[in-house]
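Two complexes follow with subunit A in common, the first pairing it with subunit B and the second with subunit C.
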Partner chain A sequence: MKNGFVIFLAAFAVLASSWGAFVLAPQLQLGGAKQVSVLNSSDVYPLNRPGEANQGLRIYRANGCAACHTEQVQQAGFACDVVLTAAGKNPTVISNLISTLKLRGLNEREAEAAANKITTAGGKVETHIVATGPDISRGWGLRHSVAEDFLYDSPVQLGSIRVGPDLADVGARLPDMNWQLLHLYAPQNVVKDSAMPPFRYLFETKKIGDAPSRDALNLPKEFAPAAGYEVVPKAEAKQLVAYLLSLHTDVPLYDAPFTPPQVSTNAPANKQ
Partner chain B sequence: MSVNEIIQKNPTTQEIDASCRVPLLVLFGGAALWLGVGSVLALVASLTFHMPEKFGDCPWLTYGHVQPAADDALLYGFCIPAGLGVALWIFTRIGQTPLRGAIVPVVAAHLWHLGVLVGLVGIFVGDSTGFAWLEFPRGGSSLLFFAYLLLGLWALMNFAGRRESRLFPSHWFLIAALFWFPWIYSTANILIVGWPVRGVVQAIIAWWFGDNLVFVWTNLVGIGAAFYFLPKFTGRPLQTYYYALFAFWTLIIFGSMRGIPAGAPVPAWLPALSALNSLLLVVPVIAIAVIGWKTVCGVANQECKGGSFCMIKFGFVSFVLSALLLVATACPHFSRLTQFTWLGAAQTQLQLYGFFAITMFGAIYYILPRVVGIEFAFPKLIRVQHWFAMLGLVIFVVSLAVGGIEQGMKLNDPGVAFADVTKNALPFQRASTMGLLLLVIANLLFALNIFAMILAWKWSVAKSVFAAVTAPLEKSEVKA
Partner chain C sequence: MSDEPKSCSTRSNAEPTAARSHLPMWILVLMLALLYLGGIYFDRHSGWFDKQVYSPYANAAELESYQPKSGAAALLAQSKKTYEFVCGVCHGTDGLGKPGQFPPLAGSEWVNAKDYKRLAQIPLEGLGGTVHVKGQEWNASMAAMGAGLSDADLAAVLTYVRSSWGNQAGAVAADDVKLVRATVAGKPAINGEPQLKTIPE
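Showing the complex of A and B:
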C-alpha cells in the first residue's frame, strides 16, 4: 500500500505538470493578450467582429462547419523580392544590371547582395517580404495564421481537417456577399463537383408577393424554386455570411510580417 | 447476507462476480446501444460523400451535425462506460472483494447514459460547443461529470477496501485513468465552455483535452485491462512487472504532454514540446509491445477462435499500430504532409475502435456470462462479429490512411487545384463507407448478444420473483 501511495503521488505530479504546461502556461502567456499594432501603420489588430458576424460565428459553431474547414493558414517560410524604386542618374546601367540579377524569391543574404549591387550603381531599391508555402500559393492568405487572429473569437474554430478549403482569409478572398449566399444555398451551382452539402435550411422558399424581395437569390433554372416562388436567406444565413466576410487576415504583424501588395506596388510609383 | 458477513467469510468468485451484475448490465447495455447508434450515425455522415446535395433540407442530417455526434456516441457512449465497467469488475476480482452498495454505480450508470442522450440531442439541435471531443453542451457534460465521479469514487472505495492487498500493474493504469478523466473534463468544460478563456488558449486546452482523453485515457484503461486478461488467458504472469512500471511512467509522462499540431497558430514552444513528446512515445510503445509479446508468445496456443483472447490480442496489435502512426505523424516532414488530412481520422478510428473498443468487446464477452450466470444466446455470432469488426476496421482505416496521404501530397502541391484535391479524395471516402457498413453490422451483432443477455436476465429475475410470490409460505415465516 505504501508503494501504491508513491505511485499515486507521482502520477498526480505528472498530471499536474501536464496541466501546468498545457493549460496554465499558455493562459499566463496569452490570457492577457491585447490588440497589437499593424506593421508600418498606426492601426491596431484585431478589431472586434461586428455584431452580425459574431452571431454568424454561432451559426458556424452550431452547424459544425469546423468538421470540414480549417481556419489556420500554414506558411513554409519567407522570400524576399527586391524592387527598384528609383533608377538614379544612370538608368541604362541600372536596367542592364537588373536584367542580369535574380530579384524574386531570394533569401535574405541574396536579397541584400542584390540590393547592394543596385545601390552601388546608383539605384534605389526596396526589399519586400513575401510569405511562401502551398497555402499561400493557393491564395488562402498572405501570411500564416497567428494567435492574434482569434483574440475576440469565442469559440475559436481552428478546425483540424481540410475536407473543404481553409477559411482563415475567406473574407478577403471571396468578398462577394451574393456569391457566398448562392454558395451556401447550392454549392454545386457555383463550385462544380463541390462535396459540400447545401444549407437550404438556412433559406426560405416563399411565394413572391407584390414584388420580388430585394435579397431573393438569383438562381439558375436547375436550382431555382417553382415559378412564382423565390428563395430568401433567413437571418442565420446572412449572419453566417457576415462572419465569413469578417474573416480577414491580410494584415502584416510583428510575428507574421509581409509587405502588403497594394503598398508595395502603388506607394513608390506615386512618389516618382 | 449482511455486508459484515460477506467480509468475514472468504467470498467465492461467483459471489464477487454476482455483486457486479446489475451495474455491469446497465453500463454495458447502454454502451451497446450507443455503439450501434454511433456507427449508424457515422454511416449517415459518410453518405455525404456519395450524395452531398441530398442533405440540404434537414439540419440534423448535415455532416457537421452527424459526424461529431457519431464520434461522441462512440467515445462517450461506448468507450467510457465500457471501460468503467471493466475497471470496476477487475477491481473486485483482483481485490477479492465483492462490490458493496451496487445501487450507487447503477444510478451513476443511468445518469451517464442520460448524459450521453442529452449531449447528442444538444449536438443535433445546434448546441454543440464547437470543440472536437467536447461537443456536448453543459447539460450533458455536467451529467457525465457527476456520473463519472460517482462511478469512479465507488470503484476507488472498492479498491481501498480490497482484501487482496497486493498492487498489480492493472491497478496503476486503471486508477490513473479514474483520476485523469474528471481532471481533464472539468478543466476543459470550465475553461472553454463555462467561463471561456480568451483567444487561442481555448484551442490549446481543447487539443490537450482531446489528446488526454482519446489517447491517454483509452490507453490507460485498455492496456490496464489487457495486462489483466493476457496473463489470465495464457496462464503466465505479466512479463515483467518492471517493464510494466517503466511503460506506465513513460506513457503518462510523454502521452499527457502533447496534442498541439505542428502548424497551429500558437506560441511555437507548444507544438515543439508536443512533437518532442510524441516522438518519445515510441519508448512506452516498444515497452508495451515487448510485454505483450513476452506474455503471449510461446505459450501453448490457447483456444482463440474469435473469442475474448483473440479480440484482446487484436486490440493489442491495433494499439501498437495506432501509437506508431501517431509517432510517425509527429515527425516534422511527415506531419506537414499529413496535417489536415484523413490520416488523422484513420488514426483516431484505429485507436478508439481497433484498439479500445475491440479490447472491450473481448473483456465484455468474457465478463458478462460470468457475472450474470447465463451463457450468451448466440455464441456463434461472437466469432462472426469479430470478423465483421476486423474487416470493417481494416477497410476503413486503410482507405482513409492511403486517401489521407494522397490528399496530403496534393494539398502540398499548389499546382493541384483544390477542387481536384477533394475530387481525388472521394473514392477513398466512399471505400471507407463500406468499412463503416461492416462495422455497423458488427456493432449490431454485439448489441444483439448483450440485449438478449439482459432480456434473459430480466426474465430469470421475473421468474424467481414470481416463484417467490406464489410459493407456499413456510410455517416459520407465517409465525414471524
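Showing the complex of A and C:
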C-alpha cells in the first residue's frame, strides 16, 4: 500500500476527533456535575434515592420499562404570564387597563412592559414563568429535563419510545403508592384502555391466614383472586414503586426556571 | 489481413492520469453559503456549549433574563436570608430559639397574635426584662435589631416569621411597619412583659 501511513493518520484523526467530541467534551462539561440549589430556596436537588428506590431502578431496568417509557421531558418554549395580585385603590381603572392588555404567553420584555403599565396605574403584579410545549401540556412535567435529574441514576433510563407516558415526573404526578401497585398488577383496572401488560409476577397470590394482610391489594371483582385468597406485592413490586415515586422533577432550577404553580410558605410540610 | 495491429501496447500499459481543472465557482459559493447557514444555526441552537443552557433557550443571557425576579417565592427567599442573617443567630434558623437563652418564635403566642403592632414594636424598639413565651419565663434582653432594616425588609421578615415553622398568622405590610416605626421613634427598649402588654395589640 503506497500511502499506508497517511491513511493510518487520517483514520486516527477521524476516530480521535469523534472520541474527543462525544466522550471527552461531555466528560469535561458534565463529568463533575453536583447537586444544585433549587431556585429561590435553600434546598438542594436532586437528593439521593433511598435504598429501596435504588433497588427499584434495577427492577425497572430488568423489566424493560424503558422500552415503552421515557424519562425525558422536552420543552418547546417558555412564556411569561403577568398575574394581578392586588388591584390597589382604583379597581375599575385596573380592570379597564387589563382588558386592553395581553397578559399571557408573553416574552420577557412584553411582560415587563405590561407589568410596568399596571404598577404605574396602582396595581400589584407578579410575573410567572411557565414552560410550554406538548410534553408540558400533557402534564408530564413542569420543565424540561436537565442533566442533574439523572445524577443518581446508574444506568440512566432515558428511553426512546413512548408507548406509555413519560415517567420523569411520575412521583409528583401520581404520588399514591396504592395506585401504583394496583396499576402494576392490573393496569386496565385504573387506566381503562391502557396498553400496558400486567406485571403479576411481582405479586403473590396466597391464601388468607388468620386475618387479611395489611399490604393486600384492594381489587375489584373482575381482577380479584378466588375467595379466600389475597394478592400481596412482593419486595420487587414495592421497590419498583419506591423508585417510581422517587422520580420528581417538579422543582425550578437555574437551568430550567419556572414559577411553581403554588407557593407555600410552610415549605417543610411539603417535603417527602 | 496484412494489416498488423497498431502498436498500442505501450499506451494501454501506461499509468492513467487524472486531468486537473479549476474548482468550479458555484461549488465555492455553495460551500460558503452552507458555512454561513451553519453559523446561524450554531448560534441559535448550540447555546455556545454552555452546560446550563438547554434547548428552548438560545444562550446564557436569555436564560438569565427568564429567572423569576419578582413574586412571592423570590420575596420569601429574600426574607428568609434576612431572617437568617439578622434574627436566626439567636432565634435559630428553625425558629426554635435556644433553650434557656432565647425564646422560640415557632408557635409563640406573641408572634401569632392577631395583629402585628406588638410584634413589630419588639425588633424596632428592643425588649428587656422578663417575658413568658409558651408557658416558660425568659429573661433576656434584645437590642433593636430591626431598627436598621427598611420598612419593606422588616415587613417581609415579620411575614416570614408569622408564616413559617407552623405559624399561620397574617402578612405584615411595609406601610404598617412605617406606622409602628413612627410611634416608637426615640423611645427606650420595652421593659418586660407588663409594658409589652400595654401596647395595643
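By our rule, the second predicted complex is superposed on the first by the 262 of 272 C-alpha atoms of A that agree within 3 Å, B and C clash if a C-alpha of one lies under 4 Å from a C-alpha of the other, contacts with A are read in each partner's own complex, and residues count from 1 in each chain.
In this text, a contact is a pair of C-beta atoms (placed from the backbone, for glycine too) under 8 Å apart; a residue touches a chain by one contact, two chains touch by 3 or more.
Source: prediction; values computed, not measured.
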Subunit C versus subunit B on the shared subunit A, clash or fit after superposition: fit
Subunit A as apex of subunit B and subunit C, Cα-centre angle in degrees (nearest 10): 130
First, second, both or neither for A:254, with subunit B first and subunit C second: second
Contacts of A:72 with subunit B and subunit C, given as first, second, both or neither: first
First, second, both or neither for A:146, with subunit B first and subunit C second: both
Of subunit C and subunit B, partner touching more subunit A residues: B
Which of subunit B and subunit C A:127 touches, first, second, both or neither: second
Which of subunit B and subunit C A:191 touches, first, second, both or neither: first
Partner chain in contact with A:14 - subunit B first, subunit C second, else both or neither: first
Touched partner set for A:154, first subunit B, second subunit C, both or neither: first
Which of subunit B and subunit C A:40 touches, first, second, both or neither: second
Subunit B versus subunit C as contact partner of A:108, first or second or both or neither: second
Overlay on shared chain A, then closest C-alpha pair between subunit B and subunit C (Å): 5
Doubly contacted residues of subunit A, that is, touched by subunit B and again by subunit C: 29-30, 74, 144, 146-147
Footprint of subunit C on subunit A - complex, ascending: 25, 29-30, 39-42, 74-78, 80, 108, 115, 125-129, 131, 133, 144, 146-147, 252, 254-260, 263, 265-266, 268
Contact set on subunit A toward subunit B in their complex: 1, 3-4, 7-8, 10-12, 14-15, 17-19, 21-23, 26-27, 29-31, 33, 60-68, 70, 72, 74, 134, 137-138, 144-158, 160-165, 186-188, 191-201
Of all residues in subunit B, those that touch subunit A in their complex: 48-49, 52-59, 62-65, 67-68, 123, 126-132, 165, 167, 171-172, 175-176, 179-180, 183, 187, 191-192, 196-205, 208, 212, 249, 252-253, 256-257, 259-261, 263-267, 270, 273, 336, 339-342, 344-345, 407, 411-414, 418-419, 422-423, 425-426
Complex contacts: residues of subunit C adjacent to subunit A: 49, 51-57, 63, 65-74, 76-77, 80, 160, 163-166, 168
